[in-house]
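The same chain A turns up in both complexes below, where it pairs with chain B and then with chain C.
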Partner chain A sequence: MTAIDIRDVSLEYGEGSGARLILSDISLTVRSGEFLSVIGPSGCGKTTLLRLIAGLVTPTRGAILCGDRKVDRPSRDRAIVFQDYGRALLPWRKIWSNVALPLEGGNIQGAALRERAIELLKVMRLEAVADHYPDQLSGGMQQRVQIARSLAQEPKIWLMDEPFGALDAITRQQLQDEVARLAAERNMTVVFITHDLEEAIYLGDRVVVLGAHPGRVVEEISVDLPKPRDQLTTREDPRFLAHRHHLFGLLQGH
Partner chain B sequence: MLTRIILALLLPLILLALWQAAAGAGMLSPAYFPAPLQTLDALTTSVVTGKLWGPFAATAWRMFQGWFAASLAGVILGAVIGFSRTARELLQPTLEFLRPFPASAVIPAAILIFGLSNAMAVWVIAFGSIWPVLLSTLHGFAAIEPRLKEVSAALEMRPVDYLRKVALPSALPDIFTGVRISLSIALILAVVVEMQSAQPGLGQNILLAQRMYRSPELYAGIVVLGLFGLAISWVLERVEQRLLAWKIRR
Partner chain C sequence: MKALARGLILPATAVIGWELASRAGVLSLDTFSRPSDVVVAGAAAFVDGSLLLATLQTLQAAAVGLCLAIALGVPIGMIIGVSAATRLTVAPTLEVLRPVPPVALIPLSLLILGFGVSMEAAVVAFACVWSVMIATTAAVRSMEGRLAEVARALEMRPLAYMRKIVLPAALARIAVGVRVAVGIALVVAVTVEIVVNPRGLGYGMIIAQQSLRPDLMYAQLLWIGFVGWVINWGLLALDRRYLSHFANAGRR
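Here is the complex of A and B:
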């Protein structure tokens, strides 16, 4: 089943003679439960593509469908993990309360709200800072709070924009596995943007390479590596290395 | 803490002592510069006899009414203008036009319209003190982090929840700055409007004391106003520290 259907989408910013074509004729489908990695040079329109899927921006031409509904606004079904985590948290709320935000107004209330938020923080190994404020946390921790919050939303589609850019290597690998596990466990469809080629292959069922000026799809590969993946064996697998070789050359070329 | 207070009080106390000494030596005219102890005497008398409280309460109440009206209107108007581009384009030019009018200059017009009444005084105070709270609220609402709007949109938050959970907390530090400045302007205007329109209150008492050359009473009035200003800004600071604990924490 198709979860996201991007049909000949183009996007321009600006109007008239000042219009700039950012994304040109993107066509992509993402299967339900699929993990799609998107990679491409900085400024090629990765974030813009994610914002289109989220419904924060509407395409100039073409359409995006989620299920059989046209995307024309954001929805609770699609959680976004923003690249600029520092701006995406509510600075006046404690960490647990930030995570509880999507739960408010739902079935869980009172003390249970906090408990549920703390459960989610545990997944991100952040329960110790539940009563801190966002600006007391490092960038990597703030990003994990944002991930925990997006989980509280219980989305069908998980949209992540370079989520691990601010993390150290060890935490990064831990979270890669955590995200892969959660996506599989909750059967989420994931669009995962990264500028790290190995990360794209390691996590993805498929990797899409975007080229720049204007942003367009230049390559799509299926990653035929068994899941769940393993930080050591997967990365040493000859197929992994072959993909890496192929895509590396492609990215250098652009 | 204690040493800081002592240090802060040192200079005023020395100046007062010098003033007292100079007055005692006959170097200052008592009609213009009464000895500080005389002022203190006048102050204690008016406190003890209860003569102070009537005018004090009148001034404080007037100031509070004007300030409260200004804050309420300023926050609502500022929120609407900060939120909506249409409202901004519709209202902002008029507001920019009204803003430079010195509030004390509108007093005669206000007297003409409302008569020599407390309502007139409250209107003048409200008009003069609305600007800081209005402009800073406007700024606060216009400067809400766009990413937070998107977070709210992705959660399909209702507008009322967005206002309550995101917009208002985000604008609150700015609102508070405005409210504080507005309060000090309201106090100034309360005194000025009393002086110009013979409304009972501390301002009028000061003016009368001056006309009758009772300078200790005049200075006593000034001291009371100063202490009052200090007290309300202290209260506001406490409230702010409570409400904005997340911001002032360190």
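Here is the complex of A and C:
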């Protein structure tokens, strides 16, 4: 079943002769439950593509369908995890309260709200810092908080915009495995933007490579590596290395 | 402690010089009094309660006016900050009203409200609303854009967005505007009392001056300065205590 259907989407900024083409005729489909990695050089519009799927930006031409509904604005079904966790969290709220934000105004109220938030924090092993403020946490922990908050939405589609781009290598690998596990457990459809080639292959069922100026799809590959994946064995698998070899060449423009 | 001692050098020297010059006959007693007389007059006014009553009257008018200014300035500033359409509609009117000197509204508010706390508070409110409103608008407009997207992604309704995101994100900078407004409130309240309103510290000073009691006038003058300092110090302490987590909510 198709979860996201991107049909001939183009995006321009500006008008008339000053118009700049950011994305050109992107067509992609993402199956329900699929983990799609999107990779490309900086300036290829990969973040813009994610914002289009999120509904934060509307395409100049073409359309995006989620299920059978056209995307024209954000929806709670599609949770976004931003790269800049430090700006996406509410600095005046404690950690548990940040996670509770999507739950507010729903069925859960009062003390149950905090309990539900703590449950979600436990999923990300953050329950010990529930009563801290974001600026008291490391970058990796802040990003875990944002992930916990996005889970509170119980999204069908998980949109991640270079979520680990600013984190150190060890934290990044831990979070990669957690995201892979959560996506599988909760049967979420994931669009994962990254500039890290190995990360794209390691996580993805499929990898889409975007080219720059204007942003367009250059290549699509299926990653035929068994799941769940393993930081050591998967990365040493000859198929992994073959994908890496192939895509590396594309990204270098060969 | 050392810093305090250093800070006291200048005023102490001035007071001693003042006292000596007065005793030597250099300064006329009719206009400059004598620090020792000022202390005595101030203590007497303190003991008979007149100084505290006048202080409460002034602070009451300043506080009522300030609350009005916040009640008007924060919501209007937030709406103007969020909505460009409202900004374009409302800004020209506000720009014309803003340069009107608050003191020029004294005759009008006297006409409508008569003598008393209401007319004084009304003039204070008009004087204070601008700094609150402008600080609020600026705070909202410089809000971290990512937070607005977080709210959109959660399909937050406009009122919830204002309450949960915009107001807290702007709070620290609104507090700066309020602190400026507090200073203005005191100045304007005392001015209104000096000019027309028969109550409070300003009125007390003008009466002391007219009844040839410069010692009492100086005592009240110094007292007003002290009250203003205490209030500002208290506000800064409140800021530090409660707004530290709000302070970094702006665009970095």
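Everything below uses one rule, namely that the second predicted complex is superposed on the first by the 253 of 254 C-alpha atoms of A that agree within 3 Å, B and C clash if a C-alpha of one lies under 4 Å from a C-alpha of the other, contacts with A are read in each partner's own complex, and residues count from 1 in each chain.
In this text, a contact is a pair of C-beta atoms (placed from the backbone, for glycine too) under 8 Å apart; a residue touches a chain by one contact, two chains touch by 3 or more.
Just so you know, these numbers come straight off a predicted model, no measurement behind them.
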item: Which superposed partner A:Gly204 touches (first chain B, second chain C, both, neither); value: neither
item: First (chain B), second (chain C), both or neither touched by A:Pro214; value: neither
item: Contacts of A:Pro59 with chain B and chain C, given as first, second, both or neither; value: neither
item: Which of chain B and chain C A:Pro102 touches, first, second, both or neither; value: both
item: Set intersection of chain A contacts, chain C complex versus chain B complex; value: 54, 56, 73-76, 78-80, 82, 84, 87-88, 90-93, 101-102, 104-105, 133, 153
item: Contact footprint of chain A on chain B as seen in their complex; value: 145, 147-148, 150-151, 153-156, 161, 165-166, 169-170, 172, 244, 246-247, 249
item: Contacting residues of chain C [partner chain A, same complex]; value: 144, 146-147, 149-150, 152-155, 160, 164-165, 168-169, 171, 245-246, 248-249, 252
item: Residue ranges of chain A touching chain B (in the complex, touch as defined); value: 54, 56, 73-76, 78-80, 82, 84, 87-88, 90-93, 101-102, 104-105, 133, 153
item: For the chain A and chain C complex, residues of the former touching the latter; value: 54, 56, 73-76, 78-80, 82, 84, 87-88, 90-93, 101-102, 104-105, 133, 135, 153
